[in-house]
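Below is the structure I would like to discuss, written out as structure tokens.
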């Protein structure tokens, strides 16, 4: 909670004082990715169903925004509309696939996302492959601003809400049940947990969060097309952010987004643009090192360290034999 | 008093096939409310399979399983638990990255959806099973005896009417067995009915009200522990088996 | 009559496409079978092999002459990647292998982009540029060479795993790692070898594909995506399953591209995957 307060304060100061467009763009991207990473973390981190298709829910929000605005409706309506679409898509696709385990689920999410991507590219009402350019407007009613400051504030509101929701998740029946299902589905069934219904609930909420981020993204870039919203590359970015920071942890996605945006994008900008692949090299190397040396992610490694200090593991003679069995 | 005439759990003609293999070939058993029933039989007799069918982990090929007179055969495990049957596993199944308290709380959430109530309930259960001082340990860092105790705690936290225990004594030292028996007696005193698979006969005979012996997937004998020891068929099929077989099943 | 010719044309195209998919997929399924790792960088291994083949071609070694060299180079590359990297991932939680190999994917794509830029590069004047015509069908020579080469190499790999001592050791490790260790099999060596052979398979596939495809940093992605589906369809770890599934996927893709639309050509492939994993989770020929 203290950390959250500090971030909100720092974000507000940034929004009000910084005028450098590139820096503000990085801050916005950071917050957006932290939200998307947390959304992914609900189903893939806490529940353990690793998704490589999460961008389709982000796309629900972005496309809802594009459709509302291009049809002359308020972009605010895109928030509930995108949420309903995302939740429905999560339930329809999750119902058959969430019971699949390990790689089968992960590849199923790639398959579902690829089908959605291909279908969007053939639908005239969804702008086919070229997508939508949103007409320029200004003000809170149009959810568009000439200045980047209000976008940072909105991103900060969304980020704070999602972090608080995640704290609530960790302290709820749903949170406990997801962790139990991830740890051992047979033992989870033995305490009365119905895998499908609880995972569907988490998947739907996770999709709603991603959709909210999608609305904000569309209103910020004013451009929505398949490669920037629903493509496999976006899904992979989201998943890798979740894992770099540490899956199934409250602050993992935020730390992952920080690593991604500051280290990869930021350093690549300094080295002369992202078009040359330097960002991928740096980011790929970071992921490789973390996966090989700190496979529980950055936050996961810190949590393990704290636990060890508190003695929860207490690797004495007695517990060592238990751990070996 | 008519309710007492109907057993809490009534299994009739239970059959389970895995391909060509008939693991269960007509098992009958009754468990009367408030009693401890021991399920015994030689290695490979189908005890664990019978448990899996009752608990909903396996779908029986044929036969009926009635719990409080309601048919539960073929129900998924989570619904069987919600109907009031808790279980432990022969090979301990922990929630590896949860603490003892968190794992027990997960069980308690079944009937106490609010977390603070569930935690309070879990604390009581941990006190009851004697794990309260280890509540902040991780499940994976416990000894075998404590892991088994945690499984019992997790099952008790779901507030079952019937507890299925699959070899909770296997791999325990005599002192740990003694503590476990004492825990079973206190569990019975709370009005919870127990059906247990057990290999350590000396432990089971004094505490079991009823014994069911299965061999080759069929019920061979039903009766009291004293009758079981006297029954020639039981002695031949099971008690006469070389003691070397005892430990082997635990590793299966 | 014309519809029949079209159908036959598509059938031949589907089979030839499927055979190349098979060669890419068998490497993936072998690695999965032996060490339970889905190498998400498999497509990037293919991309590297394609660049290597291009480099050898520019040095005067045509795609087919360069092929054995590409195979050997990728085999060594695979072993090094296993020794330096994948071995460490295996010590971590199951997610570590997923994300580690994904990291490798990102790193290799980034390096390719930094070194070779995003341009599409092709072998100048490749051999087998002609077209074979018979019975009203037209097939490019290159795709016939690719398909036949892929079939021969897949058969060789199958024979290796089934009939050699090392292949038997691999199957033993795939069956039960602990038992294999007890039998005196060096699991680390077998894992490394399997990873090397998996990379060698895409080495060969890359050599063949450069006959007709351009290479660019993300050239491996479409092949890898198809390979994941093929491997899952055929049953993770099953080489014969991968061959059957690859032919099926090749057909679905070619027929889907023709009868639906080119943009939707992968939709039937992914739908087939979803239907199969939901109805028969162990894959077409996989064991439970």
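All chains are identified by letter, namely A, B and C, in their written order; residue positions are counted from 1 within each chain.
Everything below uses one rule, namely that a residue touches a chain if its C-beta (ideal position, glycine included) is under 8 Å from a C-beta of that chain, and two chains touch if they have at least 3 such contacts.
Everything quoted here is computed from the prediction, not taken from an experiment.
Top-ranked chain pair, ordered by C-beta pairs in contact, is A-C.
Distances between chain centres, each the mean of the C-alpha atoms, put B farthest from chain C.
At the centre of the protein atoms shown, by the Cα-centroid criterion, sits A. Chain centres here are Cα averages; for chain A and chain C they lie 31 Å apart. Per-chain CA centroids place chain B at a distance of 49 Å from chain C. Each chain gets one centre point, the mean of its Cα atoms, and the points for chain A and chain B are 42 Å apart.
The residues of chain A lying in touch with chain B in their complex are 171-173, 176-177, 179-180, 183-184, 186-195, 307, 310, 312-315, 318-319, 321-323, 325.
By the touch criterion given at the top, residues 55-57, 76-79, 81-82, 86-87, 89, 93-99, 102-103, 105-107, 109-110, 113, 115, 118, 136-138, 140-144, 146-147, 154-155, 157-158 of chain B touch chain A in their complex. Of all residues in chain A, only 50, 96-97, 100, 102-104, 106-108, 110-112, 114-115, 118-119, 121-122, 129, 232, 236, 239-240, 243, 247, 275-288, 290-293, 295-296 touch chain C in the complex they form. Residues 38, 85, 88-89, 92-100, 102-114, 117-118, 217, 221, 225, 228-229, 232, 236, 261, 263-264, 266-267, 270-271, 273-274, 277-278, 281 of chain C are the ones touching chain A in the complex.
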